[in-house]
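Order of writing sets the chain letters: A, B, C and D. Residues in each chain are counted from 1.
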Amino acid sequence: MRFGFLGPERTFTHQALLQVLKQPLLQDALRTTGQELIAYPNVAGAAGDLVAGDIDALMAPIENSVEGGVSGTLDVLAATTGLTIIAEEIVPITFVLAAREAVELSEIRTVASHTHAQAQCADFVRINLPGAAPIPALSTAEAARTIAEMDPSDPAARTSAALCSPLAAESFGLHVLADGVEDNIGAQTRFVLVARDGKIPPRTGTDKTTIVAHLAHNRSGSLLEILEIFSAYGVDLSRIESRPLGDALGRYSFSIDMEGHLEDRRVEAALQSLHRICSRLVFLGSYQRADGAEPTVDDAVSDTTFDEAQEFTAHLRAQIAD
Amino acid sequence: MRFGFLGPERTFTHQALLQVLKQPLLQDALRTTGQELIAYPNVAGAAGDLVAGDIDALMAPIENSVEGGVSGTLDVLAATTGLTIIAEEIVPITFVLAAREAVELSEIRTVASHTHAQAQCADFVRINLPGAAPIPALSTAEAARTIAEMDPSDPAARTSAALCSPLAAESFGLHVLADGVEDNIGAQTRFVLVARDGKIPPRTGTDKTTIVAHLAHNRSGSLLEILEIFSAYGVDLSRIESRPLGDALGRYSFSIDMEGHLEDRRVEAALQSLHRICSRLVFLGSYQRADGAEPTVDDAVSDTTFDEAQEFTAHLRAQIAD
Amino acid sequence: MRFGFLGPERTFTHQALLQVLKQPLLQDALRTTGQELIAYPNVAGAAGDLVAGDIDALMAPIENSVEGGVSGTLDVLAATTGLTIIAEEIVPITFVLAAREAVELSEIRTVASHTHAQAQCADFVRINLPGAAPIPALSTAEAARTIAEMDPSDPAARTSAALCSPLAAESFGLHVLADGVEDNIGAQTRFVLVARDGKIPPRTGTDKTTIVAHLAHNRSGSLLEILEIFSAYGVDLSRIESRPLGDALGRYSFSIDMEGHLEDRRVEAALQSLHRICSRLVFLGSYQRADGAEPTVDDAVSDTTFDEAQEFTAHLRAQIAD
Amino acid sequence: MRFGFLGPERTFTHQALLQVLKQPLLQDALRTTGQELIAYPNVAGAAGDLVAGDIDALMAPIENSVEGGVSGTLDVLAATTGLTIIAEEIVPITFVLAAREAVELSEIRTVASHTHAQAQCADFVRINLPGAAPIPALSTAEAARTIAEMDPSDPAARTSAALCSPLAAESFGLHVLADGVEDNIGAQTRFVLVARDGKIPPRTGTDKTTIVAHLAHNRSGSLLEILEIFSAYGVDLSRIESRPLGDALGRYSFSIDMEGHLEDRRVEAALQSLHRICSRLVFLGSYQRADGAEPTVDDAVSDTTFDEAQEFTAHLRAQIAD
């Protein structure tokens, strides 16, 4: 089994992939096959290789509790035909300020990191490193590597620091000058493990289903119509993000996570209704929830109630004269 | 074929039954069997005989454009198991003031009729017969018969009149003193022809479906929920009446006519959703509309769209791993 | 003070009027003025006299727990300008079978009553008086009077009975052959006391508001729209009746009782929204509930919350540049 | 007048600010005061200075037709008290590939730009510059400046290029190797001009209103409830974005642009209803639309209709007895 992930190594995505591979369900599947982990520079590349069969699954961040949806991942998943999310993993996000030596914070002149991490640690930097200049990097791990590989004879080597994950700081042998430097303590990122079509995991009872719904623009109020469908079938949403269609301002698709599994009649019914009114509906997977929370299902939308309703009309239709 | 109707003879119900028997669909069915028409004093009695097999169908008024729903019929249909409406007929309602002789209106001292007819002609009577006393009768035809059978030597015979149908006045040989005496010109009554279960007529394309829905009282706002279902499936309602459940003030069922036939996927889907949320759902029939009006069906609720939505989820469910 | 009521005397309406006049609020108003009670043959006549100033209030039945809305009253209230419901009264409905002498049930050959009472006691009559003929009367009290005034020498005097209220049987000195003969034990009728405009009683905290809403026929789904308004403002409905507009089948107004008083902000807001979307909106009164039930008011629709919302936009509008 | 903008200079934001300052309305206000433009490294800094009174307005991107909402701007506007959007500007977004010399594309080894621009030109780079390495920069203008300031003797100076705006390429004297290199031709970014509170521009008839609504988490289905409010008042939305509250996954606020102005009664009514049900509601401004599109306002939500509805209840409340 070959697993791609949004690299480079030692980022939170790498960590999420290592975590998800310990899930009992996946452990069983992986017992005899072994595994290879491959870092990709972007999700689009990994998705292409996945569709082509070069890798068996890919791991990518989909949502952060502070920054919101990860556009890059959302847009690739929505645009690529033939992919299915088969698992999710949630990783707490915490940053350290790391340098080559155990210097005072006041000595630091530059802070390297990905712009997202710079944004997430902005308060700490403003207060503790008021004079330091931000240096952009392609990833937090890349920032750590850059610091680690500086020429020790360069005076800047002593005054340069990186904002990175504890894992990256440790891997590259950096000194942690401060930890927990993120503005929002308790931030989390949710990652999804994506496989090729045709492998929807069976219902576990604590599941989530992900879709992308394109509104039909000849129907006014269609987001309202979509939410009414979920409400009518008692399907709760755990995430809803608008994404621009890209052709003009004001035209959107909606990326949605709902409680429940395709095998739940209420979810199946909601998907059918969405299919009727959306101009395009992309099913991105039904999979076990990372938090194991069980949904509360009203009697009116239980599988039994759906079966009884179907029997009711089937019995009537049998009485239609020829 | 034996047809019961809410009697006595020569009422509008009798007229509606004669009219419906001329419908081409029914003509075919009746060609070889002949027909017998039987007047019943009330709908409950006719419904009992219909369920027992003593008659083959019954005709009863269900709705008047001025007076509203006919409670007696609605309640019997809702309460009797095993009945199906198979046709409807609409009859214009007009009354005459009829007497034994061609007297002046100013000579009339009493006006006999059913209380409903008295109500529908109240303006005419107040203006033209200010001193006349109302005499209650069990039906408009019964009122006409009473006048016709008065003893000519009784002085009251000359000063008594009846409010009745033109048909009844003619049948009993009365003089029409005034016609079109109803307050609301253009009033209509809708009648339904009811058969035993198991004989739902096939879809014609211009159909109506009648149900009774009992609200589940542990769900707040359930009438709203019911209307949202019809709206979601693009099913228009042509009649909605609340009827008390009878056990306490403020508890209702709803008697509903909707556009479309049980064979229409949007109607079937609406019935299934209603079955899930109602405490009781009574199907009273799918049958051709008397007015022949064709419904406008949005693409999102056409049979084709429903089929495609079902294929969409069926295709996905086939991909669920064992 | 002169009070009209739907007569004749000794009906349930008469009883309801006597009951409502004992309400403490009305007692105060009536202390010095005295009262006169006047029976009317129909609600329209009483309403005309009320508008003309000949009487000060009128009492009429509006709803029965078995029969449903009382069309005659609903239609007159909806059509008459200048009336306000100021109180309601609920009366348990029970009938007796009464005759001139204490005869055996098997001797009874005719049963006189209003057709509604005949309908409500149909089971009792079918089972216990299988051979008896129904005789229509203008009211249950009139039926009792007719029996009482029969010529004792007429053999039919002994075999005639009336279905009437216990009060009427007693008043006319009849023998009660059987009591509680109604099919639905526990039936109730709700009556309303109606005054001229300009006398809306102040909020008591346990109030009800009555309106008639005409749907705008250029807006599809407008009953749904109306119910959404009540839902949005957390206003529960205790009664909703469709009444035909009278001009054609399928065109309705809705007669509605809602919880709360015009002085409640949520009720005022709902009325304003209804006024915007209805083709016609008739306010028929805010008055204390007979059952004294207190509504549950969600924080989001409390008077305080409405005031805060108004202050929010008022504060913003003050910042608009000239 | 001092105007801040998200710098550095020569980005699209700079261009948008120059454009908006030409709007007739602002021209009038600026005639006598002169103007100074100040680039800020981030929106938070500019917002702080704006609140402190150091600048009079700030310009920032809020939405891109390809990338979606600009989180940095949305989050600062939502979190900062005392700001009002007073104008919007829409700028077409197009990128050029620019270098120090007119070299062949095949010679380019590195491509510098902001990660967002790298993302927006990914297809062009993959196809035309397959071997080139991406170099992160703090902005597209900064990337252009870096290339311009390279030491000509450095061999890399010839093989380095930047993805930047045509304005930046021209300003820094770079050669345009290719223009229109963005994947999505026709992309646009919307910018907003933000002032301090108390300066809401008056209604023009073609306006937009921006808010941030925090859902009350004790109300299930509250996004549905919010959309129902807009639907009930006929207020169309032109943008809706979910933004995480930051405390946990699955908790959101919604950033919303609606058609219409605070002075429109339907908008005022919608804001009041939102205020009642949202745990927090931030008003971010009513301002003229850049596209000048006039909304279609249904009669049921016109100012006149609102006034009439208010008069209706005011007239009734005047009749409540003391």
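Keep this in mind: a residue touches a chain if its C-beta (ideal position, glycine included) is under 8 Å from a C-beta of that chain, and two chains touch if they have at least 3 such contacts.
Listed by chain with UniProt protein names: A, B, C, D = Prephenate dehydratase.
The model shown is predicted, which means the values in this text are computed figures rather than measured ones.
K.L.:
On the document's contact criterion, could you list the chains that touch subunit B (Prephenate dehydratase) and likewise touch subunit D (Prephenate dehydratase)?
P.N.:
In this structure, the chains that contact subunit D (Prephenate dehydratase) and also subunit B (Prephenate dehydratase) are A, C.
K.L.:
I want to confirm something about subunit B (Prephenate dehydratase) and subunit C (Prephenate dehydratase). Since they are copies of the same sequence, is their interface symmetric in residue numbering (over half shared, so same) or not (under half, so different)?
P.N.:
same
K.L.:
Could you please state the distance in Å, as a whole number, between where the Cα atoms of subunit C (Prephenate dehydratase) are centred and where those of subunit D (Prephenate dehydratase) are centred?
P.N.:
Chain centres of subunit C (Prephenate dehydratase) and subunit D (Prephenate dehydratase), defined by C-alpha means, are spaced 59 Å apart.
K.L.:
Give, as an integer number of Å, the spacing between the C-alpha centres of subunit D (Prephenate dehydratase) and subunit A (Prephenate dehydratase).
P.N.:
Once rounded, the distance between the two centres reads 25 Å.
K.L.:
Specify, in ascending order, the residues of subunit A (Prephenate dehydratase) that touch 2 or more different other chains.
P.N.:
Residues 228.
K.L.:
So what shape is it, when you link every pair of chains that touch: line, ring, star, complete or other?
P.N.:
ring
K.L.:
Which of the chains touch, listed as pairs?
P.N.:
Applying the touch criterion to every chain pair yields A-B, A-D, B-C, C-D.
K.L.:
Can you tell me which positions in subunit B (Prephenate dehydratase) touch subunit A (Prephenate dehydratase) when the two form their complex?
P.N.:
That would be residues 84, 197-203, 216, 219, 228-229, 232, 262-263, 268, 271-273, 275-277, 281, 283, 286, 300-301, 305-306, 308-310, 312-313, 316-317, 319-322 of subunit B (Prephenate dehydratase).
K.L.:
Once bound in the complex, which stretches of subunit C (Prephenate dehydratase) touch subunit B (Prephenate dehydratase)?
P.N.:
Where subunit C (Prephenate dehydratase) meets subunit B (Prephenate dehydratase), its residues are 42, 44, 63-69, 71-72, 90, 114-115, 119, 122, 134, 136-138, 184, 186-188, 190, 220-221, 223-224, 227-228, 230-231, 236-244, 246-250, 252.
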